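Chain IDs A, B and C follow the sequence of writing; residue 1 opens each chain.
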Amino acid sequence: MSISSTFHKWGSPRWFYQFSGKLLPWLAGLSLLLLVGGVIWGLAFVPADYKQGNSFRIIYIHVPASAVAMGAYMTMAIAGAIHLIWRMKLAAMVMKAIAPIGASLTFLALLTGAVWGKPTWGTWWVWDARITSVLILFFLYLGIIALHQAFENRDAAAKACAVLAIVGAVNIPIIYWSVEWWYSLHQPASISFTGQSTIHPTMLRPLMATLSGMYLFFTWVLLLFVRVEILDRERNTRWVQDQICGESR
Amino acid sequence: MYFDTVGDFLSMGGHGPYVWFCYGVSALVLSILVGVARSRRKQAEQQIRAIVRRKKASSSSTTQH
Amino acid sequence: MSDSGLAKLVVAVLRRDVMASLRRGSEWSNPLVFFVMVCALFPLGIGPQPDRLAELAPGILWVVALLASLLATDSLFRGDFDDATLEQMLLSHQPLYPQVLAKTLAHWLMTGLPLSILSPVLGVLLQLPAKGMLALMVSLLLGTTVLSFIGAIGAALTVGLRKGGLLLSLIVLPLYIPVLIFGSSAVKSAVEGGEYFPQLAMLGVFYLVALALSPLAICGALRISVDQ
């Protein structure tokens, strides 16, 4: 009974709106603190990498962006499954909100990866296993966004995107593993650099800060988008009108 | 502080442009995300206010009759 | 429903779709023509040197076969959607899963199978060494089946939309990547005289996974497309 009542509560847009409103300032403050603090720490205080020099400092934005982009896709697929199985409207809103955020973060990961590659490998783009996987993740996000925009019916769009997100999530491990295998076949001997081996523990601490900061930032922006979606969908209900024009009534 | 001078910090041993470009673009993209969310919220609020205004107007006009 | 009834249903749908597509003709011939034409563009684009073509041939043949299969996928459910056969299929008491399975297999029989059979001819045109021919055919036979199953998910999702074609490629192409990697690698290994059975075994695994799981997604997607 308690499970079903919790579920019912989470499914209620009104409850979610009011609950998330209390979280917003904390999420905003903590995420910006961790991101800005971690970046300053990583940019100014951590010693340079003995192989790559200072270009490795891009890691403090590149790794969090790619990690959160990946996690966001999985969250989107789970939200899609919840929407399909329990018809929870809130899950559909979460799913719709994640796609553009995830795509932006994936774009950021690709761009910073490319810029990192120039001073490190001497070229803007390397068909390295990790970069290629992130590129494919970007394509998957673009597919979801394109599919969502193609539907006129909001419910059908949500369901179709849920199916596609789940299919994508099932495929992602296969895709990543295939790309990894493909790269191991073609790996040119000239690129012997591996990211992990040169990372010193002191370099990792700021990374933990920016990584958790990016997760919190994602949650914050996700809540902002979902709340707008709630207002849009429930604009004709009394509680939304009271919420927005509370004082004037 | 790892760097001795501000100039060192900005140039980062020649890697400065790459590093600063990355962080500049990242700051831009992240703030665009927040900005888009904010502006959509304002739009939604305006629409809801308009609905409430219309509702009030129609209810007051019916009570006058 | 009994097992023999299920088998009868699968065979009936399979036969109906294959006959319809044979009657129309363009449905199975267009992907083949596309395959031939695009393969002929490559020597014009990158130059006629035989050794360079031979080096690129496994990748080119696989990418073009993949695109040909993709283009054909758009029509998989379109006809049935337009004349409301699909709606009847969903409403009828017959189970949907075997019907979807049969439709997808019929589609592969009319696209993937001819592509695979024709591929050695195009291999000759692109100077693919004779050692690679068998690997090309077998990898395409296995691989295009997987492509048909994955493509069918996309086709089912977009069948209700007016502008499906390009959208279908956007959502399906990233999912094709593992098949492309292992398919072209099998051909490349065969050309280099290496072992190519592992790649074919991998394609076989993909085939079984796609066969088992994708009809679930296709059924769900068809329901969404028809309900809206």
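Here, a residue touches a chain if its C-beta (ideal position, glycine included) is under 8 Å from a C-beta of that chain, and two chains touch if they have at least 3 such contacts.
Just so you know, these numbers come straight off a predicted model, no measurement behind them.
K.L.:
Which chain pair shows the largest tally of C-beta contacts?
P.N.:
Result: the chain pair A-B has the most contacts.
K.L.:
Determine the chain that sits nearest the middle of the structure, using the mean of its CA atoms as its centre.
P.N.:
Measuring from the global C-alpha mean, the nearest chain centre belongs to A.
K.L.:
Just give me the whole-number Å value for how far the CA centre of chain B lies from that of chain C.
P.N.:
Here chain B and chain C have centroids separated by 45 Å.
K.L.:
Can you work out the whole-Å distance between the CA centroids of chain A and chain C?
P.N.:
32
K.L.:
Could you give the separation in Å between the centres of chain A and chain B, each centre being the mean of its C-alpha atoms?
P.N.:
Taking the average C-alpha coordinate of chain A and of chain B, the gap between them is 18 Å.
K.L.:
Counting only residues that touch at least two other chains, what does the list for chain B look like?
P.N.:
none
K.L.:
Residues of chain A touching 2+ other chains?
P.N.:
Nothing qualifies.
K.L.:
For chain B, which residues are in contact with chain A within the complex?
P.N.:
That would be residues 1-3, 9, 12-16, 18-19, 21-23, 25-26, 29-30, 32-34, 37-38, 40-41, 44-45, 47-49, 51-52, 55 of chain B.
K.L.:
Touching chain C in the complex: which residues of chain A?
P.N.:
84, 136, 139-140, 142-144, 146-147, 150-151, 153, 155-156, 159-160, 163-164, 166-168, 170-171, 174-175, 177-179, 181-182, 185
K.L.:
Report the residues of chain A in contact with chain B in the complex, numbered from low to high.
P.N.:
35, 39, 43-48, 53-55, 57-58, 61-62, 65, 100-101, 104, 107-108, 111-112, 115-116, 118-119, 217, 221, 224-225, 227-228, 231-232, 235-236, 240-241, 244-245, 248-249
K.L.:
Please name which positions on chain C make contact with chain A in the complex.
P.N.:
Residues in contact with chain A: 153, 157-158, 160-161, 163, 167, 170-175, 177-178, 181-182, 185, 206, 213, 217, 220-221, 224-225, 227-228.
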